[in-house]
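Just below sit the structures, each encoded as structure tokens.
One chain, chain A, appears in both complexes that follow, with chain B as partner in the first and chain C in the second.
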Partner chain A sequence: MDYKSDPNKIGKWERFFKWVNGEDSIDSVWEKEMRSKITGKRKKRRKTIEDTIERINSYSKKIYIILSVFITVVYIGILLYTVYELPEHGNPLNPANNEVSQRYIEHGVEETGALNIVSAMILDYRAFDTFGETVVLFTAVICVAILLRRTDEDKTDLEQDSFKSDRGDILKFAARLVFPIVVLYGIYVIINGHISPGGGFAGGTIIGAGLILYSAAFGDEKIKSILNYKSITVTTVSCLLIYFFSKGYSFFTGGNHIESVIPKGTPGNILSGGLILPLNICVGIVVACTMYGFYSYFTKGDI
Partner chain B sequence: MIKLLTINHFEAAAVILFGIGFMNMLLQDNLIKKFIGLNIMDTAIYLYLVSYGYIEGHMAPIAEAGKAALAEEFINPVPSGLVLTGIVVSVSVTAFSLALIQRLYKKYGTLSFDEVLRKLRSGEANTYDSDS
Partner chain C sequence: MRILEYVLLIFLILCAIGATVSKRLLVTVIIFMAYSTVMAVIWLFLEAPDLAITEAAVGAGVTSILFFLTLKKVDSINKGTREK
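So, the complex of A and B:
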């Protein structure tokens, strides 16, 4: 086919405008044009081009591997040089151990009422940062739901899935023994988050693991009466809203030097630390729902 | 230099781990293995941050009730708080990318990145997924 008599031939500018407008017929038109160009006049050249492409393809894998190793080695070298320039590990006089951490440690207990200084930091001084983290988790579970939630037509092939078949007696017995202990331990970690190591994220993950165990052992139908799509969405969103409004109130009063009605309590008691305990519970519920949501979306395609 | 690297050995190990994860992401063809590489990189960052906040001979930052907390007793709590942010973001990104990989597998029937690219170029796709 001669290039000049090709009816699909369009002008350069027209093609550019079509490309800007995002019309997808351009690629095929362009391909035809290129092919007619090549077949018409440049058969020899095309052969050499194809040869080169093949040769490049066979070498590109090797070149890619060598280049990646080279780049990584250079990268590690640069970073190791930076480590060499860093201050000594474990030295109390390092620039990172400045007045910020000193202030958190020395005034944290008296200002927040929490003994766990990391908890005091992330749920009192920098509580909105933690709110952002919780929202990131919530967004992640929404994204997974968008990508993996099955439509109603797909649910017919779910009937043959293994999720409804009978489980072994050993798994059921072990789950019956372990599940209450796991959940109890998770609750303990959450409500002691301000006086001992732990907190909402750790305890929420433990409770989520317990829920996953329960769902794996007893099947879909039993857990669905408590944890379904609607209830999980409602609890997660209401926990996020409680977090936002309570911490917003506390930041508003604190920032404007208004007396807050939330008591600090005696440091060391369970009911102390001001807002840290309710915020930990909110975060824990959100994290547990998120973990269970990830599991059920990846296995069943639905909560 | 070797002496200083042995003093800062946690940081050096974190950097090498980061490089291993980076190379894993570059060289692995399997998409799930690629994201295992990303998780190795995340872990290297946690190790780096935690070792950066560590102070020799100091305790974890849990104060005692009824006793004034002194900055000379505890390690730096700020990097520990940052690790939490890192873990949360890492979990979210991993879940999101695994969901994307599952969708890719449903559409192209393979986990190999090169295979997916090849099928994408030649325009063939498994139409198992009803809404894609």
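So, the complex of A and C:
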């Protein structure tokens, strides 16, 4: 049968493709077909068929609701059962309490020179894993840039105005007070990452939030002189490359560490912990640039 | 301290239910923000201050801002409801 001669008669697969592409909902396609079927028949039957369509539509809505509730309940049940099956919290015989964590806790300070054992783990013992996570974040900002970046032709005046119009005095005043403290706290969290709780990711996010606040309050005219598309790309990529060249050798050597030439220093000082401090700074810069990049892509479509 | 922990956990569950049930999308995002803030305090009680800082900065800060911006972009910050 030649489907193309009659636009109302489309094949099953074609209809499925249309539905997947979102061009046509499956209900309306189905309804159209039912309507085209009844055109040649008597008007009496048309009414009954329209009634059946409505009835089936209401049935399918009910089935949707019942199925969604059923699937959610089953999912909750599976998760609760898994939690019930987990070993008891705090039991010394748990599989998590093995020699690895014991080694980290007992020898972590002398082997890495970092008092914060979490930082010692993620930036020294498991630095290569953290590199993967940073690359994931970098990939995310690339994807956002691909999806949301607008070239000059796409920009309309209306869209730009909608993010410029509503800047109140309260926002400006609060931003002037809070912005230096936020950024200072972020820098503190990054630099003390190996001594106190925190680290590159947390501090970078705090700095990024501060930059977002500044950009929301005062616009991007001033911030653009420091953070534009080129400088953000260069700093992010160079930080990632520094990270890769200092820790990427684990990819080839496996679990064997190469002895670091940087001295460990006294645990507790800011200049201690070997490579942990520079790596924290690198991760912090990458994360701060990423967060600010997300914000500007979501608002203006460009950094 | 134990009682405060239970109160926070109950509030967490109420927030999770409220975020799924509420009709307006803006309200959902604000409830989600409250969820993250309470979760940060709970991380502190569970002796994970690293996670607490990150949760407060990412969950309550940046994620909510991105949600708000998305709502603004699709023009549903005032009228966005789930039912049409």
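Heads up, the rule we're going with is that the second predicted complex is superposed on the first by the 221 of 303 C-alpha atoms of A that agree within 3 Å, B and C clash if a C-alpha of one lies under 4 Å from a C-alpha of the other, contacts with A are read in each partner's own complex, and residues count from 1 in each chain.
Simple rule for what comes next: a residue touches a chain if its C-beta (ideal position, glycine included) is under 8 Å from a C-beta of that chain, and two chains touch if they have at least 3 such contacts.
Just so it is clear, the model here is predicted, and its values are computed rather than measured.
With both structures placed on the common chain, the touch criterion links A:121 to chain B but leaves chain C unconnected. In the superposition on chain A, contact is made by A:189 with chain C only, not with chain B. Look at A:201: by the touch rule set out above, it reaches both chain B and chain C.
In the superposed model, A:105 makes contact with chain B only, not with chain C.
Once the two complexes are overlaid on the shared chain, A:214 sits clear of chain B and of chain C alike.
Residue contacts after overlaying the shared chain place A:131 against neither chain B nor chain C. In the superposed model, B is the one of chain B and chain C that contacts more residues of chain A. After overlaying the two complexes on the shared chain, residue contacts for A:243 are found with neither chain B nor chain C.
Using the contact criterion defined above for the overlaid structures, shared-chain residue A:88 touches chain B, although it does not reach chain C. When both complexes are overlaid on chain A, the residue A:295 reaches chain C alone and has no touch with chain B. The residues of chain A shared by its contacts with chain B and with chain C are 116, 118, 197, 201, 294, 298. Chain contact summary for the complex, chain B toward chain A: residues 1, 4-5, 7-12, 15-16, 18-19, 22-23, 26-27, 51-58, 60-66, 68-74, 76-81, 84-85, 87-89, 91-93, 95-96, 98-100, 102-103, 130-131.
Listing the residues of chain A that touch chain B in their complex gives 65, 68-69, 71-73, 75-76, 79-80, 82-84, 86, 88-92, 94, 96-97, 100-102, 104-106, 108-109, 115-118, 121-122, 126, 129-130, 133-134, 136-137, 139-141, 143-144, 147-148, 151, 153-154, 195-197, 201, 266-268, 294, 297-298. Put simply, chain A touches chain C in their complex at residues 116, 118, 162, 189, 197-199, 201-202, 205-206, 208-209, 212, 291, 294-295, 298-299.
On chain C, the positions that touch chain A within their shared complex are 49-50, 52-54, 57-58, 61-62, 65-66, 69-70, 72-73.
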